[in-house]
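Letters A, B, C and D mark the chains as written, and numbering starts fresh at 1 in each.
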Amino acid sequence: MKRVLAISLVLCLVGVLAAGCTPASQTSGNVIKIGVYEPSSGDNGAGGKQEVLGMEFANTVVNTVEIGGKTYKLELEIVDNESSNDKGPSAAAALVSAKCSVVLGSYGSGVSIAASDVFKNAGIPVIGASCTNPQVTLGNTHYFRVCYLDPFQGTVLANFAVDNFQAKTAYILTKLGDDYSAGLGNYFKEAFVKLGGSVVEETFQEGNSDFTAYLTTAINSGADVIFAPTSTEAASLIIGQAVSQGVKIPLMAGDTWDSSVILDAAKGSDLEVFVSTFFDEGDNTALGSEFVKNFKKWLNDNPDKKNNNGGNDIVAAVSALGYDAYMTAVEAIKKAGSADPKAINEALWDVKLTGVTGDIAFDEVGDAIRNVAYIKQANTTDASWIFVAIQGVE
Amino acid sequence: MRENVLHIENVTMQFGGVVAVDNLTVDVNKGEIVALIGPNGAGKTTAFNCITGVYEPTNGLVSFFGETIVSNHPRGKMKKLYAGQNREFCTKVVSQTPDKITKLGIARTFQNIRLFKNLTVFENVLIAKHMRMKQNFLTATFRLNFMEERRVREESLALLEEQGLLGVKDELASSLPYGVQRRLEIARALATDPKLLLLDEPAAGMNPQETQELADFIVQIKDKYALTVFLIEHHMDLVMRISDRIYVLDFGKLIAHGTAAEVQKDKRVIEAYLGVAEDA
Amino acid sequence: MDMKKLIKTAGPIALLFLLLFVLEKTLPTTSMLFVVLKKGAIYALVAVSMNLLNGFTGLFSLGQAGFMLIGAYTYGILTIPLEAREAVYQYFDGGIVSFTVPVLVAIAAAGLVTAVFAYLIGLPVLRLKSDYLAIATLGFAEIIRAVFQWDKLGPVTNGSNLLKRFPVFTSTLFPFAVAGVCIAVIVLLINSSYGRAFKAIRDDEIAAEAMGINLAKHKQMSFTISSFFAGIGGALLAMYQTTVQAAAFRATMTYEILLIVVIGGIGSVTGSCLASFLFIACSEWWLRFLDEVTYIGAFQVPLLSSGFRKVVFSVIVMIIVLFYSRGIMGTKEFSLDALFRFFKKRFGKTKKEDVAG
Amino acid sequence: MGFLETNLPYIMAGVSVGGQYALIAIGYTMVYGILRLINFAHGDIFMAAGFMMVYLSASLPLYLSIPLVIILTVLLGFLIERSAYAPLRKAPRMSIMISAIGVSYLIQNCAWYITSGLAKQYPAIPWISESVTVFSSTTKMVTVITPVLTFMLVAALVLLIKHTKFGMAMRAVSKDFETSQLMGIKINSVISTTFIIGSFLAAVGSLLFFSNYMTVTPTAGSMPGLKAFVAAVFGGIGSIPGAVLGAFIIGICENIIKGLGLTTFSDAFTFALLIIILIAKPTGLFGEKSTDKV
């Protein structure tokens, strides 16, 4: 028994070794690889998957690029960074060793920052789709992004809180060790205090599932709004417990909460949930409505993709951003006229295009220039988003 | 009168409500072989454990060459629970860990052999030398203690040769036959440079022939290393043959004390060993 | 010293480094091989340090992740360049540490700071036995993690935010050299008189004490030294990951290291080293294909999807734990001699038969 | 706002979570009492029960899925004991503990694989998921019924152990493994039954816990598991009333700490408590002292 087991184990290992050593897919002459560094599991898995969907969809729309008269096929190389800052760099290294020309990602600012140096050392440019923390691009020449930044988003939300609810006190709940959460919380606080409000801040730890005490503190502090920029995982817990505690204070959050997970959790309650986001499904620009229509069709044609979208065909803002990030990459490859990462990196500075989420051009830090955010409210009766306002910063 | 080596006075060891050793007083003088005998469960090993610091006695005092090494009186919970005698005997508390006591010069063996099973015979002996080496972990790690290490290795080899264990030097301790393990345990105890050797049932499980050899061996090492020996034993012929004096314990209490001949005649000893005849 | 023995141990090590050097010069630097080698070397050091405690001293401690955290943070805090501090400590006005030290000094400091923490933790904790010790050290690791995330300490630790921008290694040789030196020191310690005392404590505490070995002192020593090296391992891990964050040093990390030690054989240094490279290679590289949806022709290979790698991996680990509880090496050490003997024993016979036939 | 209104929610949350910890802690304490094994996988059994409920309730009505979850959880606990612990009965204690860690790793990874590490919404169970108002603070029914149910189950368990033949056998095994074997007690069946009871309580605990928090993740079991273990140690490992008391103390303290605003330390506090109790009174509140024989 033991011997058989030993032999089979050894055989397995040898097989695996063989499989591992022969590079799974060699860059053949006519393929340009675009790396996708996104979480498909863990805290941010749900959002990450939706972002990947946007990229995959974009890949079906544009899957070749012409350079110097030769047609190259564009291939996506997708890895899972597990939403984890310590697993991320290894996943990034896998992309580097697969010889990607440009990388897209990641959902979640922390993992983006964590892997930044891996790409930097390999000289590969990265285009972030929805990582909103300023630290991602700051001080780097290889990291770009197509979305707005947290200082902007935080200010937008603070303005919204003051304009709409005449909020004087805000309760801010952030997750320890999450750059996105801490950063956005911080920028919201700064803006809110500047507008004359006061804040009560608390943090929760990874793996925490009991938010009743936090919500009680929020109620006791007399807060007018609760601001909880967290992952969707924590969000569903917070919403569920807010419902059962009968919380009447409006909940607000950033782009992460723009997810069907939130809608499901809030369904059937009388909770008020507001989020700021990059894109609205009801977008009436030609490009936007075209994208929404085709993306929905693509989702409905591919059951497993629809499954990744949470089982419905609601277009998430991150999917739109994923789409735009991919298109930006394609544009850069065209402009560079080569599959060489360095050339693409150079070309990215001058890329200009109109994406489904608006015009994209990069400033000197590598951030897309954005000036509006969409505010949406959760419709708790039929689990959909209601468009509230386009909010900018004065 | 010979110099006193080990002095145990009024030692009581109580576990919860059970008095395992009750007011034991023993003296062992230099160069003597003294035996502690008694039926199973009489508290002999517990007495050894009190001397070597494994247990902290509830009450009483132990001194070694006149220096108090263990001293205690009922404290804390025991204040209420104490069921032994002479509770007010000593007021000072001296409590040492077994390693300190070994360092002072008391070495022991165990009833159920406790060798370092996964180490070789040679290593077993070397470990006993560890505490007397002049070194710290840095000098030891970077081999700056090589002179010391060489000396210790040579001494240990000499000791093994003497005990006839040189041939099995690199065997694992657990792979040795039972009798050899016993011998190794004694050799290991000798390697700590003791002045007093405590042997806990050294002849357990031996046949008469082996027991005889062991008796000679104990006398021989006693003379050679200028030791004093205090031993627990069930083999009466061994005890009677080599002991200068014998203490008899029963249910934790000392019931007799004297030379072999005296003890053999003692009525209470006979009763303890054979049971009291039911008077009609 | 025995010249022959020296050559036999130093030779292969020198060869290994030479090989690494050549590999680095020939293979593209982006190869996954280097990722595995770097991380493997770091885990090897941490696993050996844990083995010193669990395998050689018999102290079942589960605090390794906590000590690595201290090491990683110490390294990060001491080496972030002054000009980058403003950006890293963005919420804490650039932090209060306003000096940097050279990399090697910082690595040593990482070990020392960790050792000091470990010493203080060891004072109360080491009196506990086996599983109580395990759970108490696990608890301390969690406490350390919480303390380092506390925003009141933010000016030093940057609260719960990432530390980054500190010097990282450019060559695979660096982690190998540091880990190699550390492991060599641990091996020297294990083979010294103190190492024997540790093993004695592992085998039988009561007998060890009866041999004059001060249990408290030696346990404390082993615990502190082990933590010193865990701290250095933490510093190296920080360099490898390029960022540090307290949240990553969870109990899972300790469990992984423990499993490496078990797979390699509790009480075998070379076993721990081999196992850590295997472990890292499997989890980061060789088994990665299990995570990808694969088609052979039109046929989709069942089961393969994100996370399957870990399932397969943990099944392998369970098989080793249950059926090969002695691990790869047991308590033996790997050496060329042993390898030679092993092959002689296995294949010697067949050779003879060949000759006869 | 009165003092009661301000602080009652913390206390109620504490009592509720304490009751859920208690149900898990009993599994730890019973297994430790008999095998001297910290069953690291116990928290993961609890988590697995949560996922079973999520998947079963999607296709079955609740009156079927709840009993089925309990049965499957019990089966899981039983199988783990038989496959991962029973073969190592003669091995050193450290090996079994490592095996337990391995099982925990395996269950978590399987859960991760099945769910891709995504949080799953726990089904709402009628009545116990409904909101109630106690002294002007709103909470879920489950908060109120948890302590009641916990006490009922514990009382039943204590009666079982005190007054049945199996209970006697269990107590005997926990006192002395070898001797009770010689006395003709079927050790394996006693151990299996212990795991079955432990898993049963973990399944019930999981129903209550996840009804309260609504979301299951692959790591959802590890923290409650560790805390429940701390509770078991705190109360004196091997003692069921001790574990229950310890669980309530930890649950309430943890929520008070959060109420004080020291949220960073709510988990750390539990471990600090553990270390203090281990050092001050290693046997816990109700534990029995054991001395090593030399």
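Here is the rule we use: a residue touches a chain if its C-beta (ideal position, glycine included) is under 8 Å from a C-beta of that chain, and two chains touch if they have at least 3 such contacts.
Predicted model, so just to flag it, every value in this text is computed and none were measured.
Under the contact definition, chain B and chain D share the contacting chains C.
The chain with its Cα centroid farthest from the Cα centroid of chain C is B.
Per-chain Cα centroids separate chain B from chain C by 43 Å.
If you average the Cα atoms of chain A and of chain B, the two centres end up 72 Å apart. Per-chain Cα centroids separate chain A from chain C by 33 Å. Inter-chain centre distance (chain A to chain D, centres taken as mean C-alpha positions): 36 Å.
Counting partner chains per residue, chain B shows two or more touched chains at residues 54, 110. Of all residues in chain C, those touching 2 or more other chains are 146, 149, 151, 206, 306-307, listed in ascending order. In chain A, the positions touching at least two other chains are 40-41, 176, 203, 205.
Residues 40-43, 45-46, 49, 82-83, 176, 202-205, 207-210, 212-214, 216-217, 219-220, 232-233, 236-237, 240-241, 243-246, 261, 264-265 of chain A are the ones touching chain D in the complex. On the side of chain B, the complex with chain C involves touching residues 52, 54, 97-100, 102-103, 107-108, 110, 114-119, 123, 126-133, 135, 137, 140-143, 145, 149, 152, 188, 192. On chain C, the positions that touch chain D within their shared complex are 54, 60, 124-125, 127-128, 130-132, 134-136, 138-140, 142-143, 145-147, 149-151, 206, 251-252, 255, 258-259, 262, 266, 305-308, 310-311, 313-315, 317-318, 321-322, 325. Taken together, the chain C residues at the contact with chain B in this complex read 185, 188-189, 192-194, 196-197, 199-200, 202-204, 206-216, 221, 225, 267, 331. For chain D in complex with chain C, the touching residues are 36-38, 83-84, 87-88, 91, 93-95, 97-99, 101-106, 109-110, 112-114, 116-117, 222, 226, 229-230, 233, 264-265, 267-268, 270-272, 274-275, 278-279, 282, 292, 294.
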